[in-house]
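Here the chain labels run A, B and C in written order, and each chain numbers its own residues starting at 1.
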Amino acid sequence: MDRLLTVRDLKIYFHILAGTVRAVDGVDFHIDQGETVGVVGESGCGKSVTAMALLQLIPMPPGELVGGTAEFEGMDLLRFGSDQIRKVRGNRISMIFQEPMTSLNPVFTIGNQIGEAIELHQGLNPRQAEEKAVEMLDLVGIPDPRRRVKEYPHQLSGGMRQRVMIGMALSCNPALLIADEPTTALDVTVQAQILELMLDLQKKINMSILMITHNLGVIAEVANRVIVMYCGKIVESADVHSIFHQPMHPYTRQLLASVPHLGVDQGRLQEIPGAVPNLYNLPPGCDFHPRCAEAAESCQRRRPELNAMKPGHWVACHRAAGRGA
Amino acid sequence: MGLYIFRRVYQALLVFLVVSGIVFSILHISGDPVALLMPPEATPDQVEEMRRTLGLDKPLLVQYGLFLKNAAQGNLGVSYHHGQPALKLVLERLPASLELVVATILISLILALPIGVLAASKRGTSIDRASLLGSLIGISAPPFWIGIAFILIFSVELQWLPSSGRGTWAHLVLPATSLALYRLALFIRLIRAGMLDVMTMDFIRTARSKGVSEKKVIYKHALKNTLIPFVTIAGIQMGSLLAGAIVTEKVFAWPGMGRLFLESIGVMDFPVIIAWTLVTATIFLAMNLAVDILYVYLDPRIRHEK
Amino acid sequence: MSIHSASANTASHLAEAPYSPPRARFWGFEYIPAERQLLHSFLSNWLVLGALAMLILLVFIAVFAHWVAPVDPLEQTLKARLTPPIWNERGISPYYLGTDRLGRDVLSNIIYGLRISLLVGFFAVGISMIIGLTLGLTAGYKRGFWETFIMRAVDVQLSLPLIMVALCFMVIFGQGLWKMIIVLAIAGWAEYARTVRGTVLSIREKEYVESAHALGFGPWTIMVKYLLINSITPVLVLSAVQVPRVIILEATLSFLGLGVPVTTPSIGLAIARGYQVLFSGSWWASIFPGLALMLLVACINIVADWLRDALEPRSREQV
């Protein structure tokens, strides 16, 4: 499989009145063609910032790109000028967001909004763009697309709006789709439909997906590989099977343990003690050690680095090294 | 939507009835209406005849109906100061007032939009602070005093522009600008606040993520959302301009309706006073109605409400 | 084996070039860095404090006008007609800001005029606030016919421009200080009623009102305790906007001769008198009163803005 995107040592800090927030602090990962990479973590762990940084959607100031590269199609996305990055947005890399209710402009028609990217990147005139928009609506499974294309967002339900967002994102056949919590705001049944739609379309256009979510169930459903993030760093990275069956980082393990399983009597659900630390006031050494059940002396002193425990399975933990494969 | 329009028209008519009712009652409270509507040197016979024409020997409600009927036909009495039909006098001066009002509207809107948007996009910089300061002064200064100050500076001192009368566009500059200042300041603040609000919304982020240029994000996506609530407020402000222009007309000796109204107050020329009130109220109500209907077309969310 | 060496064989021509953030172009929306935010709030806090201090000073001057004003404002000294301000060579003390056509001192008229402005402002707004509050509260709470009636009245009132309503009433009732205050109060109640009713409607559905009901509190208690207290914020904000409007309206009406009687000093009257001699070059008679009024109104507006921001905070910019 070809490499599509390589992110190296990405560091993004935010300078706010209270201090400097290290939202993303040395993140390395890659995405290959056609694969789905899931990014899991609690709110505030830096997953959304990582994703938005790829398209330069992070306002700077107060944000700052302290370092890192993001190689895509031979160039570094993070150092593109504004004209260059705009050619990538919605065209080679698209993004969909969490809130379908507010992510669409209420005063323009669906056709106008889908067609906007098409006109911009493919140079079609408005009428042609609307035709293509109808095609997209059909593709994402919206019934009676010719009528819908002239309607406004408030006339559609949440699930349909998310389908519209997907249609909008896919209209120019991007190589990578970044999905930031696309199903979190939807009903469970609609969630399943949307995920199925995404997988279906992925196969059709051979597109990669970067799926950001805090929902492990979604990860299990769609991801090929999984990245677990905590406090702006990657703590574990492996294929989906290994993550679920042989998690090596204590955080990953506790995450999995805190999710209820159908049909299994787990007894009392385990919670992770303590709370996520403030990102401008991190504990010394390993970020997770104050809440970790397996913390040792060395965990307070040195920050663990990502090491490959097995081919393709990377963990950032002093204790995991001891455990071995 | 048709129901919405119907309700608004019904409301406007109701207000008009109330205003005319109040005006009608004024006539009765202030004394013998016939005597008020006739010049002082009218003979008793003429007064009697007027009384019969106006049907003042009939019950009050019928009188009111006749008053309305006469009003609809344009008969609002004869000005005894000028000796001509009151309505005609007022309508004759309407174009002059409209000229002033339209010029004011144009100045306020054309200047407020770019400045408001600029101030919002350059928030916190000196441009923004300057516009905030300027708008503060604009809403704090009484329009009539601004007019006087303008005359002093531009007519008396610098002698650039005429200070009174109507004629060339040069005559229009000072009055329109002094009247526009308050609304300009208000609009700048409203647009700035609106834009700042809208730019934090999710769909702006979506537009950016599609590769839309920043310029288009501001002027297509954000501006339209800001303008929609803005239009309502702007419309009401504009409607009240006709009444607000009174003072400007006095300061600049502008031959409009307002000036006529002020003169008529001085001589207690009731027919003209009433005619002015009714005309101004009608225009104001029509303006509001137009704005309401426009709003329905602008905001698709209202359009599809049942 | 670290993750870095594993991907070393892929194109590493992307040396980590030093990153310089793009300059905000003309069309870009600028985000305020933290230091500028601090400066911004610092400056505006000082501005508000300054405005508040000036306001207190003006009120003080107005209250103690008798002792502060150099001369009786109504006194006409025909010998000293149209004297320019004190810094001009023809200026005479104690006419610090000059005199008008009949020798009345401009400064004294300003001081007493400010007193009238403040009086009218606070009384008219105060009365309309009480009327509007009462009617709005009862309308929102009782609902039914009473509410419909009040709201129709509000609609009618608000359908007409304020200045027109005020003008017509003054034409009918004639000049007079208290007449004007009453007229302005009547012209202003509608906005209060509408605002308060809106607040009441949104609050009465809240659970704590329902539970108060269930616990047996009488309607009056509920109205005062919950609805009134919650209405205070929007009412305060509205008042902060209404007071300047009313003050300017008073000046406008007096300027037209439809406000206070000629024997009462008013800024509007002073400006009107100054207007009469405009072309003789005696600019001080009309400029200074207007400047004073503008100062007063500007200070109120600054405090009002701050009040509105403090009481109705908008969500701060999210990162």
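Assume contacts are C-beta pairs under 8 Å (C-beta built on N, C-alpha and C of every residue); 3 or more make two chains touch, one makes a residue touch a chain.
Note that the coordinates shown come from a computational prediction; the quantities given were computed from them, not determined experimentally.
As a test of understanding: of all chains, whose mean C-alpha position lies farthest from that of chain B?
If we average the C-alpha coordinates per chain, A ends up farthest from chain B.
Using the touch rule from the top, work out which pair, A-B or B-C, shares more C-beta pairs.
B-C
Taking each chain's centre as the mean position of its Cα atoms, how many Å separate chain A from chain C?
Taking the average C-alpha coordinate of chain A and of chain C, the gap between them is 49 Å.
Whole-Å distance, chain A centre to chain B centre, using C-alpha means?
Going by mean C-alpha positions, chain A sits 54 Å from chain B.
Any idea how many Å lie between the Cα centroids of chain B and chain C?
Chain B and chain C have C-alpha centres separated by 21 Å.
Multi-chain contacts only, two chains or more: what residues does chain C have there?
25, 32, 37
Considering chain B alone, which of its residues make contact with at least two other chains?
213-214
Which residue numbers or ranges of chain A touch two or more of the other chains?
82
Mind pulling up the chain C residues that touch chain A in the complex?
Answer in residue numbers: 1-4, 6-7, 10-11, 14, 16-17, 19, 21-22, 25, 31-34, 37-38, 319.
Name, in rising order, each residue of chain B that touches chain A in their complex.
Interface residues on the chain B side: 201-203, 205-214, 221, 224-225, 228, 298-301, 304.
Can you list the chain A residues touching chain C in their complex?
Against chain C, the touching part of chain A is residues 3, 6, 8-9, 14-17, 28, 30, 59-69, 71, 74, 76, 78-79, 81-82, 305-308, 314.
For the complex, give me every residue of chain A touching chain B.
On the chain A side, the touching residues are 55, 57, 82, 86-91, 94-95, 97, 99, 102-108, 116-117, 120-121, 152, 154-155, 165, 168.
Taking the touch rule as given, give the residues of chain B at its contact with chain C in the complex, in rising order.
11-12, 14-15, 18-19, 22, 26, 29-30, 120-125, 136-137, 139-146, 148-149, 151-152, 156, 197, 199-200, 213-215, 218, 239-240, 242-244, 246-247, 250-251, 262, 265, 273, 277, 280-281, 284-285, 288
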